[in-house]
Structure formats: structure tokens, C-alpha cells
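Pasting the structures in now, so scroll down.
Here come two complexes built around chain A, the first alongside chain B, the second alongside chain C.
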Partner chain A sequence: MEQDKQNDVQSNLMLNKKLSRRDMLRLAGVGGVGLLLGGGAIGSILSSEIKTKSSPSTSLNQDPDSIPFYGAHQAGIITPSQNFICFAAFDVIADNVSDIRKMFQKWTTASASIASGSLIGNVNDNPNLPPSDTGEAAELSPSRCTITFGVGPSLFDARFGLQNKRPPSFQELPLFKADSLEPEWCGGDLCVQVCADDLQVAFHAIRNLARIARGTAVLRWTQEGFQRSAQADPKSATPRNLLGFKDGTANPDATDSTLMNEVVWSQSIDGTSWMTGGSYMAVRRVRMRIEVWDRSTLSDQENTFGRHRHTGAPLGSKDEFDTLKLDEVDSKGQPVIPTNSHVALAHGDGSIQMLRRSYSYSSGMDLKTGQLDAGLLFISFQRDLQKQFIPIQQRLANNDLLNEYAVHKGSAVFACFPGTTEGGFIGETLFGRI
Partner chain B sequence: MNLRYVVPASLLISSILFTGCAKNNAEPALNKSTTSETVATNTNPSQSTASPDLQPAIDQYRSYVIEQCDLFVKETEKFTTAVKKGNLEEAKALYAPTRMYYERIEPIAEALGDLDPNIDARDGDVDPSEWRGFHHIEKALWEDGTTKGEEEVADQLLKDAQLLRAKVETVDINASMLVTGAVELLNEVSSSKVTGEEERYSHTDLYDFAANVEGAAKIYELLKPELQKKDADLEKDIGERFASLQKELAPFKVNDAYVSYEVLKEDQIRKLSQTLDALAEPLSNMGTILGV
Partner chain C sequence: MEQDKQNDVQSNLMLNKKLSRRDMLRLAGVGGVGLLLGGGAIGSILSSEIKTKSSPSTSLNQDPDSIPFYGAHQAGIITPSQNFICFAAFDVIADNVSDIRKMFQKWTTASASIASGSLIGNVNDNPNLPPSDTGEAAELSPSRCTITFGVGPSLFDARFGLQNKRPPSFQELPLFKADSLEPEWCGGDLCVQVCADDLQVAFHAIRNLARIARGTAVLRWTQEGFQRSAQADPKSATPRNLLGFKDGTANPDATDSTLMNEVVWSQSIDGTSWMTGGSYMAVRRVRMRIEVWDRSTLSDQENTFGRHRHTGAPLGSKDEFDTLKLDEVDSKGQPVIPTNSHVALAHGDGSIQMLRRSYSYSSGMDLKTGQLDAGLLFISFQRDLQKQFIPIQQRLANNDLLNEYAVHKGSAVFACFPGTTEGGFIGETLFGRI
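Right, the complex of A and B next:
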């Protein structure tokens, strides 16, 4: 047993696998990295450290704080939500696919390093050069960092000859009633969604990816977001939005792979082979009229959502996860859950689902009004925007009581690629391996 | 550029001011008092610590700096004369083109003690009682619409320009200075020109912008042969991105004159800034020719 572990560690090293920042420190702490490179009689020093950290069959890389970057699907879609998000939309300034491909290759390598908690690149010690990693995440836990890439409908215009690759049902969203979109919060040729349990780790990822993109793509808009942290909510209850209500109760179960194949992952029968195993993202920057909401009564607030604020239960029910009884009426014959409440409209007849993965945002103050610029960075993943996000959003936009307190300022959709394996790169199914 | 010349100015002035060839006089004094970790301390430039292959580039750059300095003094004399004669329109016309000679070699000037603030400080950069140089005159020309009261400042500016010309002979240029100097020129653009803060009265920021970029391009041209040997992809990348930036700048140049920065729209400024960042990123890796 003990010997196996030693071999495991050594073979990892022999294979030149990247050590995580923490592993490196741990190893450096006990014997010095120099010893490792020498191989040989290092087992006894290492094994006592490894034993406490991993089970016999696992390698150094299986850190509970590290979510593997490589896989059939991209991480950050059905991954349980982390505490923070740094979201960035990019516009491509290059004029050819080859440059985009190169950037995605570099992005993939860098992202795999970030996810494992290693420094990006190998130029981090040359005094004559800027370090390839900007350094603010050095020696930090990878913090379950996931990086998810997608492309917007605008990438399929005439610039790159990709017109024929656009999935037929993938296009800019229609304008919804009451949309108050501002161009600076809309669209993008590409998106990068970084989520992590540490904001500095997440920022580090966006910053370095934007750096790698220089000359090929430029930032179009960015938004940071947060949720209550796991530390503040050890029981991992459904998170509350900034209006104080639980948000995400009715989300489909992301651990149910059959359901995810129905709701989230694009399938080969959907007709766009490069997206098989990927997912379509809708992202909306929803400003909340915090000040107005704060002076509305509790019963108004609860009628707006159709749920009790304290428990998150549907109006008239006790438990958060009680079934919605939309046809229930009170003694006066009125629906217990108002038909134009958020939950009633979002649920509809229950036939359409999507996976929501939203974060709250706070972006300081609106200089014009002196009010808080805060709200929801709504994100949902689905197999088909036309069949899922759009009909649901249409119902909400037309009638939702919540529209009095929330206004959609930003909007974009992205086709998020399937995952890739080591040696490949995200986007290879669209841009081709050359 | 992390050069800190700690030579007392008085010492230098007494020995080199107005002397035709200051090199022999000033060098021993300079080398005794420079900080050794950032500046090579050998007295003979040809014995630089850089790899011998880079020596031709260093020598050519030295010539370029001196040439720009000569032109700078010459043009500054025309400009300050116009100011002193009260020729407002002539002074305004000469202002921005004169500054370009300085902006092309700005990092070298910045390495020479107080010269940069004396020549190029903006209102608020230095104590008001010490403020002088180009921007002092700029404010009078554009804000107050007069040359009056600027006569002494003009005299002093010409002296400062001449002092720069004298001192520049003494700078011991090494390969590392070249590499970091190119990036610094672009950083100058990023931090003050792109924002329109440099020429806040005349709005001639695009002249400085173009001159900084030309100064960086010169260094790249000189290092190109070595860079090509060491990292051909990087060399190609930098070349292409210089071309993109020139292309972005071109529409703003009409008959040898750059348009006022006030004319530029927000998205045009952002595009210039992002194109500059796209260039500065690979340019910052030119240090690869210095080895590890």
C-alpha cells in the first residue's frame, strides 16, 4: 500500500504532470523540490504527507478544491455553484479563424493550469521578461475554479466564413416586452464564465485570459457576481436573491444525468454536431429597483414572487419544496398563488425546464439617481433557447408582477462548447484541429 | 526605466553645460555615482554586459537618441523664439511637432534626473512654484490666448533642452534599457495620452501618441534581427501589431497634422487603446533576446 502510493506519486512526477501550487508548497515544505527532481529515495518523506491528503488510488491532482477542467462537458454548467462569478464577453478583432483557434488553444492550456491551481505558462522566473502568470493567485487554493467558454451568434456573420456553422435555432434573442437594454451590456462574439469560491482566484482567471486574448479579442463587457458563501450557509440551502427571496428552488436536479441530457446538453439528434455535449447559455443583466422594493409591504413582496419569503414555500404551503398548487383558490375564489406572480409564470404548465445558475451583482452606485446599481446576473443553460428560455421569458416579460421591481439592462446568448480532453482544446469541434 | 542618476545637478551643469562634447568630462563623475544594480558601470559603452550581438543595435540607438536630441534643441529654439517674439499662431503651430522629438526618446530623458519634469511636467505634477516647461506655455497659448508672461519660461525651456542634449551623451545605454524603453513608451501612451490628459489645453495628444509609438518602433526595428533569430513568431507578431496600430492612427492624420483629440469619439479612443494594448503585450516579451 505504502509502496503503491509512493510509486503513484513518483509516476506522476515522472510523467511530468503539473503539480498544483499547493502540492508544490507541501512538497517543498517537507523536502525541497530539488529532492523530487532527483527521484530515488524520496518516498518516505512524501508518503506521510500524501496519506493524509488522498486515498490510495487518487493522484496528487484530485484536490477537493480542484474541479477537473477536461471532460466530456465543460465544467461550470452543471457544477454546483461556486461563491463568485467573473463573467466577460469578448469581441474578436482578428480577421481569421486561425487566430481564434490559436487563442482557444492558449486559453485551454491556461484554463487547465488555473483549474488545477498551477501557475500559467513557464516564464515565471526570467528577470528579463514579464511573468507569464500575473501571480495574484499564486499559492492559493484553486477554489473550485471553473472556466466555461462559448460563442455568440455574431461570430457566425461574414467575417470568418462560419455562416454555415451557426445552429439554426441559435440567434440573438428577440426584444422582450419591457426590455430596457443598454448596448454596453449586450452581446459579444465570445464569452468566458469564470466561477470560483474565491473572487481573487476568479478575477485572476479573467485577467489572464483577457491578457492572452490581446490582439485577437477584446473585452466587450464584464460583470462580477456573488452568492452567499458556503461559509455563511454551511447547510447549502437555496440561495436568496437581493430581494430576499429564495431563487432556484425549482431548478432541475443537476445530478440526474438523464434529465440533464433532456434539459441542458445538446444532443446529436439536435443537428449541430459541433455542439453535441455543449449547452446554450442565456445571460441577462437584471437591474433590481432595490429602493422601490424596500418600501413595498411583505404581502406585496410575497404576492410578487408567489412564495413565502421566510420559508421559500409556495404561497399557501409550508415547505420550500412543496408542489406548486397553481389551481388552489381561497375562500373568495381567488388563486392563492397569483396567476401573474413570478413563480406561476416561470412554472407555466411545468413542461419547460432550464438550468438556472444566476448570481447577484452589485456594481456600486448609479451616478444619475444615487441609487444602488444591483441586481441579478441571470444565467441559464438549456438545450435549445427557442424551446426553453424564450417562451419562459416571454411569459414573464408580458405579465410578471416582478417587472415593477426589475428591469433587464443587458442580454446575450452563447453556444457553450462541449468539453475536451488533454491535448485537445475547447472549440476544436467548431474551429477544427489543425 | 529604473535608472536613478544621483549625480548632483550642479556638478553636471558646471562641467558639461554648453560644452560641445560633454562625454569625456561627465562620464567619470556619472559612473561613480550611479546605482550599480540598474546601470552597467563600465566606462566604455562598447564593453556593455549585453551579448555582443546586441551591440550594433545599442550603438545605433545611441545615434538615434542624439539625432532626435539635436533636432529637439533646434526646433525648441524656433518654438521659444516665436513665444518670445509674441507670435501666438506660429508658437501654437510649432508646439506639438517640436514635442515629438522629445516624446520619441522620453524614457531616456526620464532617466536623466529632473529634466523630464522641468521640460514636460503638467499642471499639478509638480509644486506650482516649480512648474515650467512646455505645458506651462501650452496653457498660456491655448487657455489664455497669449504669449505674454512666458518669456522667461521659454528661455528656461531652451536651456533645459540644451542640458538634455548635453547629458544624453553620458547615458550608458544597455540592451535592457532598450527593451524596457520600448514598452515604457507605449505605457506612456496608455497612461496619459490615451486619456487625453497630456495635452489638456491644446488637445494635440495624437502627436505625442504617434511619437511615442515611433520611438518604440525604432527600438523594435533595431532589435529585429536578433529577435528574429531568437523567436521568429514573436518578431512577426510585433511587426503585424505595429502595422495595425499605424493603420488605426492613419485616419487621424490629415496633411501631416493630427486632428484634435477632442474630435475622437469614445469608441475610437477605446479602439486605439485596445490596439495599443495588443501591441504592448508581445512587445513586452522582447526581453527574450536578453536570455535568462
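Right, the complex of A and C next:
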């Protein structure tokens, strides 16, 4: 009850005028505690504040570090990768769609604020209420933060009357050979993928969205990750994974909108209207056997990937982006790129593509073994899991040399909604605009 | 046996000419596999490579992103904080000092390479051996990486004959009121604190040092952390912790060398010669009750810290760096800054100081409670734990309002060696130069 009241206060506050995170905390602190000020007073204090600050921007919507939240598609899918991810799977504890809808409405408003670098809620924090924003990202740049929402197959069970809305080909993944899944890293009714160039900004988003979900959904599992590419333009370079190899070279070109319509975005002809413009996500928590890998020879490592470690080029080639020549043989008639190497199996005959958007993770030490719990939070987006992720993963699971060094510990799939426009909310195509 | 051989190969390789991480992987990949090249050949290939690269630097020692590893003191103590930490406590599994000494010699050489942005080991990776560097930081900047080593009180037990070397006032911390310590986050024979502006660079360092330790020491616990300050010059601004408040404002000035000699560096008159120029570290893993905090009012939050959330100023003051006026009372005669607020208790009468160098941490979800496992990896450096950390922490543990929102789950202390010069090794003052 108390919590509902609090949520309502927050919702009301969110309707008010927005200011940037930098400005709002600045204002909230004027006079020591948050004061209830009229617009005029805000304006005059703002002006006087600005004179003393080095970053006078009051509208962060034009911030080059800000990626628009609203649009035909959700951001965070074909968006060039940021440096960090905070991923969370939630389970719904509410028993009706109406509560889920309300939560998505609040999530949408909050996410738009976060993406634009604004504080969540209103400038006028009442000292007798909890602050509407937890504050740890105050004054930080929007950091290209994107927030992407999806729903898992379990949401379409009997609880919410959504059984008939489940896209026919959208279901839990089959168990793959060599899977070693642990339930605490699997599944979820909902997912939130936050990516940003600043880990503190990403953490802030997940923490505040979890807070807003209170009473409706609870965290099921979370995973943070990072990835770093070295070149002057990190958005175009291929980062190295924790095995030291470049990963993601053969990704389809996300700037090619025709290709994205073929590979990533669900189309109206696919038969599930609420998903048109959305995309299906596969997420796998792949623990790497770091210590074993580190004792294998460079030659073994390169044969495992089918690429040269230094350049990222396919074995026998010079450049990372050289075409894969899978039928090339050496003087002894052996394939230059082993047929069971990761690159050969992932590529197959080249007819199936998906958009990968993975991050490395490091989660400290495995208490059971004393070894580092580190690896890859594999994420891919595709138009159809049955036709894309599943056949590729089956090939890999059955024969990939990399399986000796990587164990799939977590797994989930989510149907990520199409985008929405200002005034709408993410999920409206499924939950209805009521 | 096999591993010893491998370690020897690595040690030998480390003696060879150093090139930067950027250059070395570039070279290692020329011709597809690592080639054994003479110095002349390296030179000529380097020249031709440079022409095709945008970053032609071959000597990263002058990189502004590089903090010198060698010096009178270890880096990472009074060094301005970087954005990320990877902290690891190790237990020694060897049974003699000689093995520990050898490991520190290898650790020193590897750390100097990492700090200068070089790959660990040699350019000439033999394809039939494991690579001497795991490669995931290849081409990345040194990222102001610092690596700081220390030893715990347990190293001075009967195992290694070092009993008489323990500094008299260096022992495990007493149990503080409200401690809720879990053994898996406590203690350690050794510690390695890696800090860097790039998490991948920091991870790479810990991972390779753990690898080098193999057979001599094993990981006991690890914790990663982050901290972000917002201003143009992040090195001088105070970052916000995960409770949304600025943390570390009242830190002593690390650029004041007289003050650092008083507060941080162990002096010869302190009576433990091997620690002269070193410093004692306290590290506490403080879990924050995020969800409880987020439901408390702004007013409660500000009274808990004794500071305004927005400005970081002491309650009743305007500016973060205003002097604490702990005896100021309001019109009702009540202290403006509550006597049991965090800032009042931490400050006390101002006679005791220590240098804090803490990071926020976020370690996903607590599986038992479904809540975020996040908080503060508190780290402080001081000349004497008994005279500095312990009395301050006792004051806080007994009365701090913040105790309602923070639980100490992990704890350790380490004696961090003085620095060393090129040719020497960290730990030589304790383990001897043999």
C-alpha cells in the first residue's frame, strides 16, 4: 500500500518538466534541501548556476553522447556496441496484465530520461520522500546509454491470458550438446538490456528500473559485462574477447537497413503483428576455461578459432576482414582453416546470419574451484530463433573445437518489442494501450 | 614439472627486448604465426608496419596514460584514483620463501610491462608454446594501470620462518560491532590491487598475475569495482558512491608529501625496516542495503551522511569543501550535522587521518535474497592500522547512522611494500635479494 502510494508520487513527478541530470541535482541542492520552486524561480536559479559551471548545457537531448530512446525500433539492437552492459532478467510477480502494463509505462518514461541524461522524476525532491532518482549517475554524461526490453516464453503461460499471443516459433531453446546450464542463469519472464559507455550509468539504470518494478517484477538473474576495442574509433573496431582473440568480425553490417530487415527485424509477413519491428534475442552465459586455455599453445589456440590471434585474419589470410576461404588446403591436402574450428562452424555455408552483440564478463572467483569466473555474455539478435540462432548453435555445440574451453552455463531467449514514440510505451503492442 | 619448464621459458623471454603491446602483437602476427626474428629484422618490420598505422609510438614509456611502475613507493597508493579496480587476495601454497621470492620477481617484471603498456614476455611467441601474454589487452592503452602488492598477517605464521619479521602493530583486525563477515571475503596471505582506467586492462593484469602465480599461490577472493567522477578533470572531482552521495571529500591531500609521510608512508622510526616507504592497507567489502536506502527519505539520507546529496557540502554549508562545523546548532539547539552522522563520526576531532581509495562494486544479484549485491570496496592506506583505521572504524561501527544501510561482509589488511627500482623486485626488502 505504502509502496503503491510512493510509486504514484513518482509517476506524478515524472510528468513534470524535465531537466538534465546535471542541472537537476544542481537545483535540488540549492539551499541545501530540495525546494518546491515555480518555473520562474527554476529559470532564474538555473541562469545563475550556469554562470559558475563549465558545462552550461541545459538540454542534453542534443548531447552527442545521447542515443534517442524513442524510434521505430528499440535502441541497443543495431546500435554500435557501447563499452559496458548490465543485463537483467526479471520474473513477474503480479497476477495481471494491467500491472505489467503500468510497469512498462513507468519503465518507458524512466528509460527515456536516462537515455537523455536526465534524472528520473522531478527536480523538486521532497525531503520527506525518497528521492525520485537514486543519484549515483548525477552529473555523468548519458554515455550513449540504451535500454532494451523483451519478454520470455514463460510470459505466455496461463498466468496472464497471453497464451495466444506467443509467436509460434518463439519458445525455450532446446538443450544443446555440451550445455551445462545452471538454473540460476537461465530464463526470465522479462529482460532489460542496458548498455552504456560508463558502467556507473548502466548500473544506475538497472538499479532504478528494478526499483520501479517493485511489487510487479523481481530480479531473476543479472550479468554485467565489458568490451573494449583499441582503435581510434572504437565503434568500428573489433574488440578482443578474454581468450585474446577478436570476436565478432563476421557480423552483418548493421548500417545496411535492407540486410537488417532480412536478418534482425521481425516483419509483418512473419505473422506476429505485435513483434513487427522487434527482434528476438538469444543470450548465453558462456564461462571460459581461462586457466586451461592459458596453458594451450598459440598454434592450438589459432586452430581452435580458425583465425590468427594478432590480426584476427582467417588462418592463411592477412587481414581481419579477408573472405573466409574454407575450402583452401595446404601442401599436405589439409584444410588451412580446420573444419571444426569456431569460425568455420559459425560461418557454415554462409547462408545463415545473425547480429551478435556480446560482452566479456568477469564475475570474480568461482568459490568452488578457485578459478576465475569469466567468459562471454553472448547475445545475438535475429528475426527468427528457429532459423538462425538454433541451427548455428547446433553446429557449434556438436563439433566446435572451442567447446573444450567454453561451457554454456546460462541461457535465455527474449522477444524484444518494436520501439515506441513519445507518449507511447514499450510493450504497448502486446499489452495494449489502455 | 612441465609448468616449471614453461615458467622458465617465460622468465627467459621476459629478459628480452621490450616492445609495446601495440607493436608486439602486430609483430607476432606478421606472416601469420610468431616468427623468431633477430633484432635487425624486428627493426625493419617495425618500420614498415609503422607506416601503415595511425599510432606510430614504439616507446610507450612516455605515454601520458602510463604511470611508472618503479619508484621509491609503489604506485596505486597516492596515485589519483583510476576508474576501475580488480583486487585479488591470494593464499600461498608453496612451502618456502624461495618460491615466493621467485614469484615476486616474475610479478615485478610482468607488472612493469603491463604498466608501460607492453605485452608480458617476448615478441617471439613460439606457436608450440602457450603465448607469454594472454592477449586481451593487446593494442589497448596502458590506461594508467597501477599494480600494488602487499602481504597479510597470515604470511608471518610458522610456515615460512618469517615470524620475527611481522611488524608489531600489524595483525588481523578486531571484530567490529555490526560486522557481518563472511570467510570467503576475508583475509589472504598476499594481495594484488590493480587499478586502471580500462576494466579490460585491469582484468588482463590480474589474470596474468594469477597465471604466473600458478604452483606458488592461489586466488583466495577477488573483487572488481568502479568509480566515476563527472567533472572535466575526473582526477580532482569526488565521485558519487552507490548511495548517490559524494564520498572521499575529506581525504588528505595526496600531493602534500610531508602529510603523506605523516599519514600514509611507514617511516624508519616506525621500527620495521622492510616496510619503510610502504603503507598498510585496510580493505573492507561493504555491502549496501540498496533497496532499503532507496525507500528512505532524502532528509534521512542527508542526515545519515551529514552532507547534502546534491553539493556534497556538510549540512548547513554550501560547498563540498567547506569546513565541517560540528558544533553548529540550529534554532532549536540541535546540531546541524547529527553527531552520529557518517561525516561527524568519520571526522571525530580531526586528529586522525587516513588516505581512502575506495571503489563502488556491483556483483550482480544475491541469489539468496534476490537483491542487488552492490556496495563499496572500501580501501584505505595508513602508516599504522592501530592508530588510524581501527579507532576510526570503531567510532563508526558503534554509532554511525549509515550502519542501518551498510553491512561489512569482507575484511583484510595488508602490509604494502615500498617500491623498487629497475633490476630489483617488489618484496625484496622482506624476502631478500638472493
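General remarks:
Here, the second predicted complex is superposed on the first by the 367 of 434 C-alpha atoms of A that agree within 3 Å, B and C clash if a C-alpha of one lies under 4 Å from a C-alpha of the other, contacts with A are read in each partner's own complex, and residues count from 1 in each chain.
Keep in mind that, in the parts below, a contact is a pair of C-beta atoms (placed from the backbone, for glycine too) under 8 Å apart; a residue touches a chain by one contact, two chains touch by 3 or more.
These numbers come from a predicted model, not from an experiment.
Once the two complexes are laid over each other on the shared chain, residue contacts for A:I93 go to chain B alone; chain C is not touched.
Contacts of A:E428 after superposition: neither chain B nor chain C is touched. By the touch criterion stated above, A:G215 is placed in contact with chain B alone, chain C being left untouched. Taking chain B and chain C in turn and counting the residues of chain A each one touches, the greater count comes from C. When both complexes are overlaid on chain A, the residue A:N128 reaches chain B and chain C alike. When the two complexes are overlaid on their common chain A, residue A:T297 makes contact with chain C while staying clear of chain B. By the touch criterion defined above, A:D384 lies against neither chain B nor chain C after alignment on the C-alpha atoms of chain A. In the superposed model, A:S360 makes contact with chain C only, not with chain B.
Applying the stated contact rule after C-alpha superposition, one finds that A:D197 touches neither chain B nor chain C.
On chain A, the surface patch touched by chain B in one complex and by chain C in the other comprises residues 125-130, 211, 214, 218.
Listing the residues of chain B that touch chain A in their complex gives 176, 179, 237, 241, 274-275, 277-279, 281-282, 284-285, 287-288, 290-292.
The part of chain C that touches chain A in the complex is made up of residues 6, 22, 25-30, 32-34, 54-55, 86, 125-131, 133-141, 184, 198-201, 203, 207, 210-211, 214, 218-219, 221-224, 226-228, 230-232, 240-245, 290-291, 294-299, 301-302, 308-311, 313, 315-316, 318, 360, 362-365, 367, 370-372, 374.
Interface residues of chain A, counted against chain B in their complex, comprise 93, 125-130, 211, 214-215, 218.
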